[in-house]
Amino acid sequence: MTRILMKGNEAIAEAAIRAGAIYYFAYPITPQNEVGEYMARRLPEVGGVFVQAESEVAVGNMLFGAVASGKRVFTSSSSPGISLMQEAISYMAGARLPVVLINIMRGGPGLGGILPSQADYFQSTKGGGHGDYRVLVLAPSTLQEAVDLTMLAFHLADKYCNPTMVLADGMIGQMMEPVEFPENYVEEPVPPKDWATTGCQGRAPIIIKSLALDPVVLEKNNLVLAEKYKLMKRDEIRFEAYKINPKNRILVVSYGTMARICQTVIDELEQENISVGLLRPITLFPFPAKEILAEAIKPNIESVLTVEMSMGQMVEDVEWAVKDKKPVEFYGRTGGIVPTPEEVKDYIMKILAKETPAVKSWNG
Amino acid sequence: MTGQYEVTFAGFGGQGVMVAGQLLAYSGIEEGKNAVWIPSYGPEMRGGTAYCTVVISDKRIGSPIINSPRAVCIFNPPSYEKFVPRVKTGGLAIVNSSLITLTTERTDINEIRIPANDLAIEAGNVKATNVAMLGAFIGASGVVGYDTVKRILEAKMGKKKSVLDINMRVLEQGFQFAGEAMRKGSRV
Amino acid sequence: MNESTHAIFTRPQSFRDVVTHYCPGCTHGVIHRLVAEVLDEFGIRGRTVGVAPVGCGVFIYNYFQTDFLEAPHGRAPALATGLKRVSPELIVFTYQGDGDLASIGTAEIIHAANRGEKFTTIFVNNAIYGMTGGQMAPTTMPGQITTTSPRGRNVEECGYPIRMAELLSTLRTPAYIERVAVHTPQNIVRAKKAIRKAFQYQIDGKCFSLVEVLSTCPTNWGLTPNESLNWLEKTMQPYYPLGVFKTPDAEEQK
Amino acid sequence: MPGIIIDKGYCKGCELCVKACPQQILSMSKEITNRGYFSAQMHDPSRCIGCQICALVCPDAAITVVTHGQRYVLYDY
Amino acid sequence: MTRILMKGNEAIAEAAIRAGAIYYFAYPITPQNEVGEYMARRLPEVGGVFVQAESEVAVGNMLFGAVASGKRVFTSSSSPGISLMQEAISYMAGARLPVVLINIMRGGPGLGGILPSQADYFQSTKGGGHGDYRVLVLAPSTLQEAVDLTMLAFHLADKYCNPTMVLADGMIGQMMEPVEFPENYVEEPVPPKDWATTGCQGRAPIIIKSLALDPVVLEKNNLVLAEKYKLMKRDEIRFEAYKINPKNRILVVSYGTMARICQTVIDELEQENISVGLLRPITLFPFPAKEILAEAIKPNIESVLTVEMSMGQMVEDVEWAVKDKKPVEFYGRTGGIVPTPEEVKDYIMKILAKETPAVKSWNG
Amino acid sequence: MNESTHAIFTRPQSFRDVVTHYCPGCTHGVIHRLVAEVLDEFGIRGRTVGVAPVGCGVFIYNYFQTDFLEAPHGRAPALATGLKRVSPELIVFTYQGDGDLASIGTAEIIHAANRGEKFTTIFVNNAIYGMTGGQMAPTTMPGQITTTSPRGRNVEECGYPIRMAELLSTLRTPAYIERVAVHTPQNIVRAKKAIRKAFQYQIDGKCFSLVEVLSTCPTNWGLTPNESLNWLEKTMQPYYPLGVFKTPDAEEQK
Amino acid sequence: MTGQYEVTFAGFGGQGVMVAGQLLAYSGIEEGKNAVWIPSYGPEMRGGTAYCTVVISDKRIGSPIINSPRAVCIFNPPSYEKFVPRVKTGGLAIVNSSLITLTTERTDINEIRIPANDLAIEAGNVKATNVAMLGAFIGASGVVGYDTVKRILEAKMGKKKSVLDINMRVLEQGFQFAGEAMRKGSRV
Amino acid sequence: MPGIIIDKGYCKGCELCVKACPQQILSMSKEITNRGYFSAQMHDPSRCIGCQICALVCPDAAITVVTHGQRYVLYDY
């Protein structure tokens, strides 16, 4: 395996191709345009298809049609574009289709900015569309992980027949870092795609739909979905524990690029003999709530600090996980401002000195 | 080089600052190190100042966000004002003196002024300005080896011989220029 | 009838033995049958995938013996694009109402046509939103009373009805576009021919094809089924002229 | 002798066939179907010419047309 | 004041007109079509405007343009239609515009069904669009309250310059109940609309936008928004306490029509000498978390039961509020099935008998 | 120049003293100036509200002395509809690029035109997505190389460029629609006239008006500004013919 | 009437079951009571069975969801099968015997069979079937006063004298018919 | 005598005016502006006819045209 220096967006694009996803539908939007530009160059070489759609609304629905055929298909976009796909995502969740979406988040709300942000946490993990459904959400923190999780996303989507999202901030998309692609990529087997609409020759017709006027039928579908989400909670929770040990005085919970910044802080604090550990959720849904709680209740932990590039979104899930067993603190910057290691370190020092404000974030 | 080194390249859009940073990052990887390249991104930045930062390290790179780099390579006047104040104490500033007459009051950094535009124009292509600056940077910092950068240049620009030749020439000139300046200048 | 009689007109094989949910006399049913007959005649039922709209036609999949997708309102052309692009061996058609195609789905149908996607669209224009209870559509006739135009469609405020066949025909990309109606036996025969031609172009991999079918909505027009056929002819047809608007063979020279 | 079979399970009593039949031999029955409709019926079978027009206009594919002889050509592609 | 028997959708429409909102933009969707049909009849009488848009995407954006003029404008829709407005809502939140949206929820996800549901709780309270923003959400439980909250929605929207939603299930829209309209309706004064784009004659130009490429500016806007949300938390939390008293063994938390059903159950249990209280959130955002906690920790309370017409959405906020001080139970039906009083009563009896499953809903 | 000289050509009063963010030679700037001149000439600056697109034109509000709204990508016509309907006394215009108007905003512009909304649209067609770095637009020319059509636009796959002026002109609702260009002084003068006429129709409360302006994008076309003017004339103009496509006065008799 | 009374009206779409329920709800309000009317809604129900439920009460009405009403008014055969089993013990079923020949095995409810269609056709308009059924329902249940319903009919249908007359006639016929049946029949 | 004023604060050196001027009296200066552009300049002021074409094509409204006499009519509505 060779390490190649690549831009995040291009690494993600290549990873998708390596996972067999050679059907790509998208609409341009900063900061992820390099995905499409890479696909436009690469796909003809591998016999794939790239349709540049007329809008993200159309993208969501082209995915719907394409994924119904049983092929691996995906899109990439950024925050406002993802908002426009919410109806289609809700439909695909209801119809149980294994679509993969890449969201390279930028600052919002509205047109916002184009700099990195993590303000789409709620939208992706709680379901920005209508109805009872969930999206499986993976959050990479390095480009290598962006590659690995993109490939995994296709696998998990197929395994659960559920929309799956790779949620990364603009920095992941824009920066370059060396990455390696697995040479002989083999996956665990996934369930046969016997639900695909491939023409009914020799079998009964297949209908892929989400309508059920009979509420008994609709509820049954929702229960099937709920069952899947429970399985995901049981089997798919992923997280990284960084320098977690019994001496930790603070447990930091942070994801994506933000977690890397926290790692730098933790390294620096270690030099100063202040022990802080990091639990980095890799799956945002399902959320590693039990794992966070297990760390939080350790005797030495004084408080749990959530750091986000948002006004405070994941922190609600952290509070939900910690159940008031320890104080939950929050530090966040928003709108494209990336908290620096210095700021985060300062805030940790304030927590240790008990100087943080009583009310954190907008949840206060 | 050991530990972690950060350098910011800054200039007008079109001066090739992004490519200079990428060439450095490629060179870092080539030498088996870790490297991160982070741009100021978005075409909306057009007309303003463009910049990128490269982090090179032996170890896992944590924060890719660098507020105070160890070095800056400054291509134009606005960037001079914006970035020179940010350099870490004891750090390095490579300054394109063809366009920049501004000076700094900082005495805790090492400033190398090189007429990069002029060197490039002389060599036959103003677009080679960035490689002249890159040459100066590695000459002064030694973050990556001169030969490594040459290999990368060949790999990335090898298609057009004439272009490559010009770039090789200014790379060397920049490298020499800064090396001498460093030998002469007193490091802080 | 004795032993030796044989059937010369039967329910198409592509149909299921299911009673439709359509109101009595609604010509959606006629259009369904014509599509099913064409699938039968070409023998493509087993490699066809339909895309259902949101509208009264949503349950079309309950009546056909073919694979089907159910699209969000207006987005059937996007689904069809996605499906046909990744599975070009399939025969793909969308079945859409006028609210679906000419209102919420305007961008999707125009761009599918403009890209020249190789699927077929059956566009059922009944000048109203049937399923939701009779609201004004962009295709509603001037002066026509609907639940959201209780004083009749006012063209000063809402503009004139939109003619999709004409609109789509201005696109430079080759396509087959025809408007037909199903209010008389003669027109039904012509409609069938048009639908057959539309599928033929797709089978040949030639172009995008669309047949606009003028259809009735007795329930929301507030007319009997037979009165509705009459209203279609007297009110709709003069504004929505029948005929072939575009063929790929006689490609425009614009 | 040509004739038609109206499947009462499908017929919704829309009267389109009644109006369309050139022989005017169809009419509405007085009997209500399970679905609450009065279905169509043929009141003079002997005059049926097997023209298939009733079947052609029926939105519910409720009518089968049978005959002994030649098939009357509806579609000429 | 006279009590008029009206369909919920029509009562909401009339309430809006009474609150001075005579500009209405909408696209048909069941089960709220009567709002538009009523408006089409009534608005010409009061000099208002009803534009039937080409789609809900257009609706969201027509609202954006119209509300920017400083007038009171609104729409009504149902679940899938609301999904299509998420981009516009995010924009209006970012641009701080007082738009009012009525969501008469139906079963989802996808096309789902048309029967009552409460499965858009997450979408509306957490923000289905991208970026750091919140929508003020009001949930009526009777038609009279639908009238009152609709009128209040316009007031609160203007007060906070924030998108405000009336969130009701299909039953509220479809049923008839007697309602009264206030005769001489006067509101507290709202801030002057000096931000409106009315033409810049005699003043500096006004620009209503959400773009800020400078992250410092964008963050500042997000902080202004966050400040508003805190004020809402302080001043606007509304809830109803039904038969809450120290003898309550169970605290039920439920909203909308579902809460009425719970009231019937509570009445019946009272007959059987089983004391149960109901805390009914009227504002879903801001959420009455402290109030729920205050009741939950009362000594007699054995557990807190959340009842929803969903797979379990508000229950996450209830758990968040209760902070593990008491067990939180969940009962929900979904997809258009409305839990009957009998079912809810049975479930309460099970809780009291400690027979409920260990894992509730999909959060489990 | 001595005391008695006077200026015969100055920056319009409706402009602010701000340098635009546009690339050197980008004709967005020319089109801005023409609109500002028209606002000056009609004296309507104080009752005008512009609606900015998402695209390179997004910052138009930084350059004008008028109220402005910033629309989501493609939705300016919907905002303009909302605003003008509730405040008919205002003069409302949208300024939109080709990605904005002819791609994501297709449905919104068609239906605003079809309803006959009384606002004005300035449609800047530069055959590319400028702001996002040069991707293919529906208006991109056959064979044109962009970042998402690196081998040139393939009409077999992506269809032919879409001609919005022609498309919109098929609608029955009265409107004023003209296509102009800004690559020569003569054409700039004609463009100004068209824009003036478009606003005149709005001021008179007559109809929807739209001026499509062929414009350059030197940066993403990879040409110098002067080469770009040439490319516009040689490549775009033959496909996008200039002229008046529709006026409300000569209402179609269809 | 005291306490809460619930009744479901069910039949084919077009038989006027929704209006019958609404007339009852209006009458309840007119008498100063609380009333809720809940339809089975959506045009998607077209062709199938339509039904609505009316709750009338002296007190605040909690759940508008009624699984087992105290009474049903059944207009067509499918509704007979669906709704008769749901009536509360001791409850009431008004059955349109013009269309329904089905019978029930339940003996714990009071069934009144009235040829509503025939009455309406006789009176001159089959569309008055629903008012005949409503008359029978109030005749048997006494939930609202006969005069109240008359007032409501006048207010809602007063515009067309001929239509009103027909409806007034069948209302009375239904009312009388059920009243007598109740007097004769043995209540369970 | 007609003449023009080029505001270097606005000029981005696009050269459109240089190409468009019928008198060919505009050219690019060698001086770089604050924004990094080489701005346009007039090298032969005496030949300016005040035709305003340079101003008309300038995308940055960087050019003011002045004169003593009659205004040259650009637009005739």
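Descriptive notes on the structure:
We call the chains A, B, C, D, E, F, G and H, going by the order they appear; numbering starts again at 1 in every chain.
Everything below uses one rule, namely that a contact is a pair of C-beta atoms (placed from the backbone, for glycine too) under 8 Å apart; a residue touches a chain by one contact, two chains touch by 3 or more.
Keep in mind it's a predicted model, so treat the numbers as computed, not measured.
Here the chain-to-chain distance from subunit D to subunit G, counted in touching steps, is 1. Looking at A-F and C-D, the interface holding more C-beta pairs in contact is that of C-D. Subunit G has its Cα centroid 63 Å from the Cα centroid of subunit F.
The distance from the centre of subunit E to the centre of subunit G, with each centre set as the mean of the Cα atoms, comes to 35 Å. Mean C-alpha position of subunit D lies 83 Å from that of subunit H. Residue positions 22-23, 58, 70, 72, 103-104, 106-107, 110-111, 115, 131-133, 138, 158 of subunit C each touch two or more of the other chains. Among the residues of subunit E, those touching two or more other chains are numbered 30, 54-55, 57, 80, 87, 91, 95, 110-111, 114-115, 209-211, 213. Residues of subunit D found to touch two or more other chains are 35.
On subunit E, the positions that touch subunit F within their shared complex are 23, 25, 49, 51, 53-55, 57-69, 71, 73, 87-88, 91, 95, 197-202, 205-211. Across the complex, subunit B meets subunit A through its residues 22, 25-26, 29, 34-39, 41-44, 61-65, 67. The touching residues of subunit D, counted against subunit C in their complex, run 1-3, 5, 9-10, 12-16, 19-20, 35, 37, 50, 52-53, 55-61, 63-68, 71-72, 74-75, 77. Those residues of subunit C that touch subunit E in the shared complex are 54, 58, 70, 72-74, 99, 103-104, 106, 129, 131-133, 135-136, 138, 147-151, 158. Within the complex, the subunit A residues that touch subunit E are 57, 79-80, 82-84, 86-87, 90-95, 105, 107-115, 117, 119-120, 122-123, 126-134, 209-223, 225-226, 229-230, 233, 310-311, 313, 316, 319-320, 323-325, 333-337, 359, 361-362, 364.
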